[in-house]
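Listed next: structures, encoded as structure tokens.
Both complexes shown next keep subunit A, but they swap its partner, so subunit B is in the first and subunit C is in the second.
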Partner chain A sequence: MTVTTQRVDSAVGSSSRPRRHRRRIQAPGLPWILPALVLSAGLIYYCIGYTGFLSTLNWDGASPDPESIGLKNYTNLVNDPVFWKAIWHTVSFFIVTFVLQTAIGVVFAVIMHSRIRLAVVYKVIIFVPVVLAPAIMAPVFRQIFAADGQLNWVLGHIGLGFLEQPWIGQDSTALPVIMAITIWQWTGLTFVLYYAAMSQIDPSLLEAARIDGAGNIRTLTAIIWPSLRGTTLALGILSAIGALKTFDVPWLVTIAGPNNSTQFLGTYIYQMTIQLAHVGYGAALSIVLLVIALAMAIVLQVTGRERTGGR
Partner chain B sequence: MRFRFTSKTALRSIAALAVAGMASLGLAACSGSSQGEAGSATSGTINWWGWTPTNTDEAKDFIAAFNKKYPDIKVNFKLIGISDYQAAMRPALSSNSGPDVFDLQPGAYVQQFGTYAKDLTPVAEKALGSDWKSKIAKIAVDGLTAKGKLTALPIGSSYAGSLWYNAEVFKKYNLQPPKTLDDWKQVCKTLESNGQGCFAQGASQEGFDQDTLQAIANSVEPGYWTKASKGDAKWDSPQIVETLKIWKDLFDSGIMQKGALGAQQYPDINNAFLTGKYAMVMMGSWYTQYATEAAMTQAISAAGVAGAKPFAILPLQFPDVAGKGNTSEMFGDADYGLAVASKSKHSAAAETFVQWMSTSKEGQQVVADRLDTTPVLNGVAPDFTTIKFVDSATQSAPVNEYLKGMASINEPRFALLNADIENAFLAAAQSVGSGSATPQAAAKTLQQAADAAKAANG
Partner chain C sequence: MFEVRSWWSKGLLQLVATLLVLPYLFPLIAMVQGSFAGDGWGNYRDVLQVPGFFRFFLNSAIISAGVIVLVYAVTMLAAYGFAKLHIRFREVYFWMLLACLTLPEVVLLTPLFTTTQAVGLSNTYWAVILPLAALQVPFAVLLTRNFINGLPDEMFEAARVDGATSMRGFLYLVIPLTRPIAAAVLIFTLIGAWNDYLMPLVFLQSQEMQTITLVPQFFVGEFSNDQTKILASAVLTAIPEIVAYLCLQGMFERGLSAGAIK
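Our next item is the complex of A and B:
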């Protein structure tokens, strides 16, 4: 086989160089990338392809004769008000949680860099929610935000009884509660990343700004914040994908209700696929989720690169 | 590297050998499976998965009683929360490592998982004879039968549409159980003014919303709900609109507790009632177990109360909320049945267990005495000489009367509904309860869901 290849290569002369070069790379490199290739292509891409196939079926996940219905699941999806509700919740959830986590994370990081006492203790307190499993915290939050829960008790005892609400029992406040829990849970991570990024800023830059007369706010907005653009971009992508994948908190705290007010794509996929046994429709939702996640990651990445290149 | 065949004959010989080899392997596999597929009927280990009995001690009692007769069959019970049941069962039953015996409930579960179950008609015939259907509660058998296949043998029936109340709280405030909507509002007013919660419901869970809606509908027009479930009447009719209006009134008048739409019946409301926060709760026949001292003490303790002190609870017929003088009859079907997995490697032992639980007097007596579910085998009833109520003088007569009333119930609870329609009930109940939809609009969406389900099922 090798002999044959050499003969052909020598016959075509110089025009065959690129092909020969490619073969040299492929032959020794293939075994090295094969495990990853098998894992990626076999596991991930096969599953995506199979999910795409399932999305063309009307199937309960158990019957031996699924019905092929083409793109009907996708047309049904476009006309499904709960789907659009889930999309809207995802978008608003991303905007609110990302903005607030970023703001709180940056402020905490700046404060921790200002050499306050007991900084280590504060860092631990801020970071602890990141390592707590939502399944453990969900019953606690259900109790805190219940109509007769601790939040209303506190409000009543500090003269704010007029603010008492059945927080997770009404459409208007259930989603903000889910957002608040998520912010509480993930701000620690945002803080740690910003804290690390701020450590990379050249101290002479900050010193020069001080000499030029910049105050704390000016230094934060003109020196520190622009230096954190890469971190912010990474957090933006993570938050966007996290928002699309949101499942545990809304499912465990509010079961995506009441009245679908905390319905997300993840919870809706679960309901459709597992509880209602509409496996094909659930698969169509999954494909849409995948497309949105990819599109969002590409947009954020390209936007970030353009800005970085422009500087 | 390639094999080179010198002649077609050699190639044919090898192909023939390969085919013969494959065939013999296949035959061996077939013969092996036919010999050992079912296993022994009197020994072995079987795994039983279910969402009920929720109290694992109850399951242990059943197994212990079973083992007195069949000591060589070991039964492992695995409790799976009802909210996780579908997610757990689908992959388990599809695989070869799922349970041998699993719980099934009429309606959506039978439709979704019935295909993974063996037809237990021969088991029932073997145990009770060809007229076995006349010896088991019909309402329980019907719900577990799909397309002529008995997917599970019923263990007990459960009936909903009743309320339970804390007799001690009612006595303390000198209250009578409400018989009409106005009575109910007045009772709640009195209790609230004394800082005592009145009625609570976990309106975020579908099944319990459906119970209350069906009870209201039975007050509006007895039997209409069942007719609509069968497709013989419309869901967007004036009767259902009125039902949803009364449902909304429960929220607006303060009967339903604040935050009901975010609460779960289990564990939130169950715990709240058992810890005395609320005086009334929408529960069915399965709640009879908490009339007993042992189960009540254990349940209060499980709800997080140290030094649990049991209190007497009593059943209450759903009030005539429509004010039409109709008695709101209860409804029910098999609480659960035990199915034998078609992939079970110990199906003979599994059938022995299921048969004993469902068709033997000993098995059904253990079921009956727990008061969790009503026995399905004719002639078996709870032995009240061995059951200790919290307050026998107060509870004995009403509880007995309540249980006797079950015999005449003929309206189904879940059996006629599929998961899509049940989901539509939840959407309607929540949208009306929250005020985001009018009763008319919600009734219309119910009808649309029923039409869509009918079209999907042909």
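Our next item is the complex of A and C:
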């Protein structure tokens, strides 16, 4: 992961390198990049432009001549409590999932690096969720967290019966359930990346720390954790982008409810555009989401650059 | 990392690992256990007897294959162009692609929907393949370009001096040498396409076109919300993914790690 962010930077920064004479004998390359540009940039920018236009309309998606209302969709949006709810959910979702995934991922990677039996089995169990489609697992989680589901059954049988509750049926626990499912799904990836990063730590450094009398916990906090900074930063950006893109899990497990308590930008756009046919308003929401995502992309590039510059 | 010498600290570490992994195992067990509730194997028999059940797998395979071929082709061409050929304003084009890296797919819904209807592509595989490929290409190009940048310029020059065109350089140098990175691109494109839910949901209306991610909601209708059968169908759709992962563990882990920072 560290390597990846650096590579992002080196690729982008290569233009500033002094041009050498050998460039003159290079063949023209524009035709080579055209297919990718047309497919990707072409399609995506066309859609963005189109969405920008739609966001100035009051349109139900079907009527032949929609009414142009300027920026009214955007002013409505600022005054829409559900929009702010979705933003708040995205932020808290990002913080909780990122912190817990990082904690579990690091601890797990450290344990797997210490000699332990059945390491492969543990690794497979924690990584399998990464390859499973959230859409396929959604009915399973609906069942697990239902009032008569397996979670309550387990709680009842281990003497925690007082914790039993309708997990996805009430406002207070629906969002934590969505977070838990996301953590379940992505910890495997966090673990694999930390595991790889830890293999890069110089063993003599760890040995020196031990000779100086550092215990296991001290080694973890003073040596291992600081050397994982690059991976943590990259994973932070990844989680933030993932939080912005969240759709499948809240849509399929809780249908963004109850009472919008698991509403995210993605689900809100889908509801507005497809279900309620407020296409113009959905487009305005899309543009706002896009601006936030783009800001994230810029942060990604800038932090990548700063980190390489500091070396 | 941790130094564990005594038997009790070894045991403690093993215990902590087991406790940590249990919540991850729990949903998988609940899925299998739930799928056998009631009729036992009968649930699986009923699911497998639904006409057109394998059609979902076939559709997912067709769409994933289409996305992979498309992404691989345009990515290799573009990465070679960006890395080794002369392009004016090269970095401008590159940034145009990179800006699409963080794009959430939900943003594309309305324009794609009206456009596919207008040009008659709605309810075809293309309506899903094209946007999915478009969303995967920027990162694939970024990754592959960095990889090709690492190949020595001298090699390409030598080929040129020997009279090779850039096409031959591409076919005989780039394609064979980029295999490791191509494997990573293949894996994260496959997972991205195979697991995608939103695009098939919106663009594939008729049932014989739909993908495996739409199976649960199909069975909600088919078995009037009989959870045990829905879970049986979830197990059946999860099996190919788990088997593929178990067979190619290293490739999946590397590929998804490389594809992670999107």
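Quick notes on this structure:
To be clear about the criterion, the second predicted complex is superposed on the first by the 266 of 311 C-alpha atoms of A that agree within 3 Å, B and C clash if a C-alpha of one lies under 4 Å from a C-alpha of the other, contacts with A are read in each partner's own complex, and residues count from 1 in each chain.
Here, a residue touches a chain if its C-beta (ideal position, glycine included) is under 8 Å from a C-beta of that chain, and two chains touch if they have at least 3 such contacts.
Not measured: the values here are computed from a predicted model.
In the overlay built on the shared chain, the residue A:L228 is in contact with neither subunit B nor subunit C. When the two complexes are overlaid, the chain among subunit B and subunit C that reaches more residues of subunit A is C.
When both complexes are overlaid on chain A, the residue A:A86 reaches neither subunit B nor subunit C. By the touch criterion stated above, A:I274 is placed in contact with subunit B and with subunit C alike.
By the touch criterion defined above, A:L220 lies against subunit C but remains apart from subunit B after alignment on the C-alpha atoms of chain A. Contacts of A:F247 after superposition on the shared chain: subunit C is touched, whereas subunit B is not.
Within the superposed three-chain model, A:Q170 lies in touch with subunit B and out of touch with subunit C [touch as defined at top]. Once the two complexes are overlaid on chain A, the subunit A residues touched by subunit B in the first and by subunit C in the second are 61, 270, 274. In the complex of the two chains, the subunit A residues touching subunit B come out as 58, 60-63, 142, 146-148, 166-171, 174, 254-255, 257-260, 270-271, 274-277. If you check the complex, the residues on subunit C that touch subunit A are 1-4, 10, 13-14, 16-17, 20-21, 23-28, 30-31, 33-34, 70, 73-75, 77-78, 80-82, 84-88, 90-91, 93-112, 114-115, 130-131, 133-135, 137-138, 141-143, 145-146, 149, 153, 157, 160, 165-166, 170, 191, 194-195, 197-198, 202, 212-216, 220, 227, 230-231, 234, 237-238, 241-242, 244-246, 249, 252-253, 256-258, 260-262. Residues 83, 86-87, 90, 93-94, 112-113, 115-116, 203-205, 257-264, 268, 277, 419-420, 423, 427, 430-431, 433-434, 436, 456 of subunit B touch subunit A in their complex. Considering their complex, residues 1, 4-5, 7-8, 10-12, 14-15, 22-23, 25-33, 35-37, 39-41, 43-48, 50-51, 54, 61, 104, 107-108, 110-117, 122, 124-141, 143-144, 150, 154, 184, 187-189, 192-193, 196, 198, 206, 210, 216, 219-220, 224, 234-235, 237-238, 241, 244-245, 247-248, 252, 265-266, 269-270, 273-274, 279, 282-283, 286-287, 289-290, 293-294, 296-297, 300-301 of subunit A touch subunit C.
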